[in-house]
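These are the structures in question, set out in turn.
Shared chain: chain A. Partners: chain B in the first complex, chain C in the second.
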Partner chain A sequence: MSIKIRYLAPIEAAITQIEIWWRSGWGQDFVDRHLSPRSFALLLLQKDPNLWEQLPGNRQQDLEQLIATTQAQISRPISLEIAQARQEFAQAIEQTTLAEPNPNQRHWGEKIHKLTVNPISGFPILVLVLYWGVYKFVGEFGAGELVDRIETFFEEQINPVVNHVTEQAIPWPSLQDLFAHEYGIITLGIRYATAIVLPVVATYFLMFSLLEDSGYLPRLSLMLDRLFKAIGLSGRAVIPIVLGLGCDTMATIVTRTLETKRERLIATFLLSLAIPCAAQWGVILGLLAQRPAALVTWAGLIVGIFLLAGFCIDKFLPGSAAQFYIELPPLRLPKIRNVITKTWVRMKWYFWEVLPLFIWASAIIWVGRLTGVFDWLISGIEPIALALGLPKETAPILLYGFFRRDYGAAGLFDLQQGGQLTGDQLLISAVVLTLFLPCIAQLQMIIKERGVKTAVLMVSFIFPFALAVGYVLNWGLNLFQISL
Partner chain B sequence: MDCHQCHQNHGSCGSKRSLRWLPFSENLTRPPIEPGGPQIALVGMPNVGKSVLFHALTDTYVTVSNYPGTTVEVTRGAVTLGDRAVSVIDTPGMYSLLPISEEERVARDLLISESFGAIVHVLDAKNLGRMLSLTAQLLEAELPVIVAVNMMDEAQRWGLTIDREALVAKLGVPVVLMAAARNRGVDQLREALADRLASTSVPAVAAVG
Partner chain C sequence: MNDLSTIRSSDPHWIVHLETQDDAMLRKLTALGILPGNQIAIEQRFPSYIVTIGRTRAALDRETVQCIFVTREQRTDANSNSDSAMP
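For the complex of A and B:
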């Protein structure tokens, strides 16, 4: 290679020393060595933890000593000097290869950028985005209009046919129930997936993809970071949390981008507890859209719990908040084709994930009902439902909610359309379901990323907590005789 | 779309189930990849368009977004160069060879542990100065680097021009100017990759005493 960065003389001397060691046998310590010795030397000088671990103890001492003598000869930290030399090299090349004859052209983006990042203008923008994007488009159009149409179509065109055909084809009523009637695979499982969840998720993903590609989300993170810091929350955790508004499972994977274990834990916990994912948002918006007071209470409660939980865990967990650093991509006009492809891919992914689960759920419920286990569980949950001030018809929904929040929410939707719930009851069940873990997939991801112990701890906190919040909420609503 | 089978037979897909957010990473590609053949890696800082480029090269859809840190796992696909199929790996973004977060480590460890016929360093043309320090580190490591200056369309809209020849002269490696999202420069990159692989048919090995 023709180029070589020259570092400060003491650093260069240290590199040469390590290269000599390398040739005398250190190289053998590393199983994988596809980088040059010079590169390894630089990494070791900066105490790369992975490579450090692979060195035997006596060599670690030699290296420690070398680093100490090198550091003694220069005033600033070694890694800073190294970074500085590289930066200068990069800047020098940029200057000779890049020309900017007309710097004014960037400015329109710059202005919008400032508006979105400054809390004074940023919050109104966020409110507008939430109102038009989430409330109007996802809530009213997706969860209202579209769900109504597809549901009506199912109830009028498909379910009667399915019921009729199964009754003709299968002589045993108990086997008929597997496919048709109240809890059948087709009449319940597939109906939930296609008529309730699909339109909600489709509209939400469309909106989310638009926001994502425009470059708004990182700016939202940046603006929220300033707010979160004020109440003691670690700023960087904002990134996966904003993504969690799309899908908590995916966001749990993204917590990996956080630097410290502590931050990863906080983010994972907040995602599991208080961040509703696309499917929940939509269904809950659809549920509460006709009752603005309940909707506002729901939002206020969830935000409150989110902030409080974040605040407590921040105080409770040892360690300090890490520095927040986010790469800000430019604001772009999203390309419609990209947005559509992305929405399509996510929808397809989600649908194929959900459909078999919903079908399984119907099958399991069928087995449970046949064997009496279902009724036994329901009768166990009924007192809980009653304690929350909910009618006993919601017991099965809470049971589903344990497995998937969206399945439970869809069930709630079903009940509400039958006019069986009051505003208070809707609010309580919406809050409880939001606080539950969203789905088994997320639980799997928590186990994978954070380990079984953490997952068990989180779950054994989250479920009782969700129910307790529901209980207190019901008690409060009764006490002040509020009906929403 | 063989991933759909994953959704139906849960048991057999094992670890792949957990990667479901990157849905079609296991796409079948037409010409078979030569076993033991060279590999290509796409590396670069977050949000420079590695996944878009991966998509353009391999026709495999990876979730792409204008949000840093969306790729947290390695995705493999195949690119057709002339009549041969070569394995390509999309990596999570990294700022430097010295990893800070876990996702950066994924990319770095890959570079250390596997051998590559070519490493495409994807840069954002609008932030050349900030990105070239990673190029410097890759060159320092004597990796077979090809520099892909991406997002040229946006740079042009900003009124920026980039002197490709000067970059080639300074860095001593092939440089391709491109806008992967608009499919511009992708063919030139293929050519550069084919040339590179032809010249390094023996995988580059770091000189070890």
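For the complex of A and C:
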């Protein structure tokens, strides 16, 4: 059923004229012909940029003239008149059809709304939501507990079988390494995708869908808008940035929801520089847990760098500041069925999107090791590691950390278990790894979303910057003879 | 006629004019029902502005609020849309 809204007479006349033009062949110019001539006319009268672009020059002229004569007959802008007519129409429908909800129910929703947006109660609620939702549920349960269990299962049950079968089936050890052993496609690539990424992503999407369906997300955005303005973003960017604490690759995709190119660029940059993903901060928290001073220094440094980098890029990047306007839907109890369906669909999409990237990473490691390129790179990184005050055993970790940031962190974990690192060294390597180049999956996503040029620029800043921070940190710790 | 950020009371005011050249923003605001002839009320000012327009509730930043011009009394030239009063 379609309902026709009556607009002001001059607008209706213009619509009729465009409908005539449409029938005389204008319709052929457009890719999307599902629109009715009337909708098409209304969009053109409002100079819809997508349709306007597809219109040949002489027709644009005809249309300009029609718009000008129509505009001359009415006092307010055409698009405003159209919006007004629609608004009135919607209100008329509302009055005849809407039944007031149960006042008690509305009352509760209102009370909770007030609590979530009032600065006095709102900020503590925000901290609690992030603490329980992100830190406890995604970080400790998803990235900690679940990852451990699935990884152990893989290492004990699946990898030995894969290794054994590969050794039987393929006689050449170097080819065996492509599929099995330490860095194989199955033993590393698939294991990482299912044991590390899947639990993190599953818990993350579950939490995110709950926040989304309850209507809390836009409230989170409005609470943080002012803070985010200081770093060139708007409250909207809360969503990708918080998502980044789950997985930076996924968050880089989600920067699409930001309004301007400038915001997308700033968000992508901050995600790759200073937002550790769940897999990564999960391991780092584990590493530094026994050294609270090092943990606090790490967190302080990363937060400081996040804010400072955002502040600087906002100052120097041309373009106007981000604007913030968002609708606040009523708060509701999420429907479990919807939440589960959403989580499942997103997980499936994400898994198939990133699985190939993990397989590629394994294949690249295989080629790198086979050709000796990696040994050569590692021997190049060793002096850098030494300059940062780190043992040379951290060189391969820094290199492999590029393929998976969390893998780098996991490598550190092994070194720490062996008692090979001091508190200072743990702190320096945790800071460098957090700031370091994004994992290869994220790099591929930056190239896809922002283009090669931007990706190269970002990478060529982040790489030296991470090392410089590590160097200065080491120098400072030595200077003041601090040992954490 | 004052911009909305200068209004201290939480009573609904009539929107008279939107002062912006930015088409995308104008579209966004009209989609929220923020357009001349409608009524708007401020619920909260910090950390962001929260406004209600009919049954719609929205959060806006200061810059956006400053481009919405309102009056306390309905203007006769604004619009004939007098039945869009607040619930």
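We adopt the following convention: the second predicted complex is superposed on the first by the 299 of 484 C-alpha atoms of A that agree within 3 Å, B and C clash if a C-alpha of one lies under 4 Å from a C-alpha of the other, contacts with A are read in each partner's own complex, and residues count from 1 in each chain.
The definition used in the following text is that a contact is a pair of C-beta atoms (placed from the backbone, for glycine too) under 8 Å apart; a residue touches a chain by one contact, two chains touch by 3 or more.
What you see is a predicted model; the values in this text were computed from it and never measured.
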**Study point:** Which of chain B and chain C A:A83 touches, first, second, both or neither
**Key:** both
Practice item. Classify the contacts of A:P218 with the two partner chains as first (chain B alone), second (chain C alone), both, or neither. Key: both
Point to revise | Which of chain B and chain C A:K348 touches, first, second, both or neither | key: first
Review point. Which partner, chain B or chain C, is in contact with more residues of chain A?
Key: B
Exercise for review: Could you tell me if A:L333 is touching chain B, chain C, both of them or neither one (first, second, both, neither)?
Suggested key: neither
Check your understanding: Which partner does A:A68 reach: the first (chain B), the second (chain C), both, or neither?
Key -> neither
Review point. Of the two partner chains, chain B (first) and chain C (second), which one does A:V117 touch, if any: first, second, both, or neither?
Key: second
Practice item. State whether A:Q444 touches chain B only (first), chain C only (second), both chains, or neither. Key: first
Exercise for review: Pick one for A:C247: touches chain B only (first), chain C only (second), both, or neither.
Suggested key: first
Practice item. Could you say whether A:Q91 touches chain B, chain C, both of them, or neither, answering first, second, both or neither? Key: both
**Study point:** Residues of chain A contacting chain B in one complex and chain C in the other
**Key:** 79, 83, 87, 91, 94, 218, 259, 326-327, 330
Study note, to complete from the structure: Contacts from chain C onto chain A in the complex sit at residues 22, 24-33, 35-38, 44, 46-48, 50, 54-61, 63-64, 79, 81, 83-84
Check your understanding: Considering the complex alone, what residue numbers of chain A touch chain B?
Key -> 1-5, 22-24, 27, 31-39, 42-43, 46, 48, 50, 79, 83, 86-87, 89-91, 93-94, 96-106, 209, 212-215, 217-218, 239, 243, 247, 249-250, 253-254, 256-259, 326-327, 329-330, 332, 334-335, 338, 341-342, 345-346, 348-349, 352-353, 355-356, 441, 444-445, 448
Study note, to complete from the structure: Note: in the complex, chain A contacts chain C through residues 76, 79-80, 83-84, 87-88, 91, 94, 117-119, 122, 218-219, 221-226, 229, 234-235, 259, 321, 323-328, 330
**Study point:** Complex contacts: residues of chain B adjacent to chain A
**Key:** 4, 7-8, 10, 17-18, 20-21, 23-24, 45-47, 61, 63-70, 72-73, 93, 96-103, 105, 109, 111-116, 126, 128-133, 135-137, 139-143, 154, 157-163, 166-167, 170-173, 181, 204-209
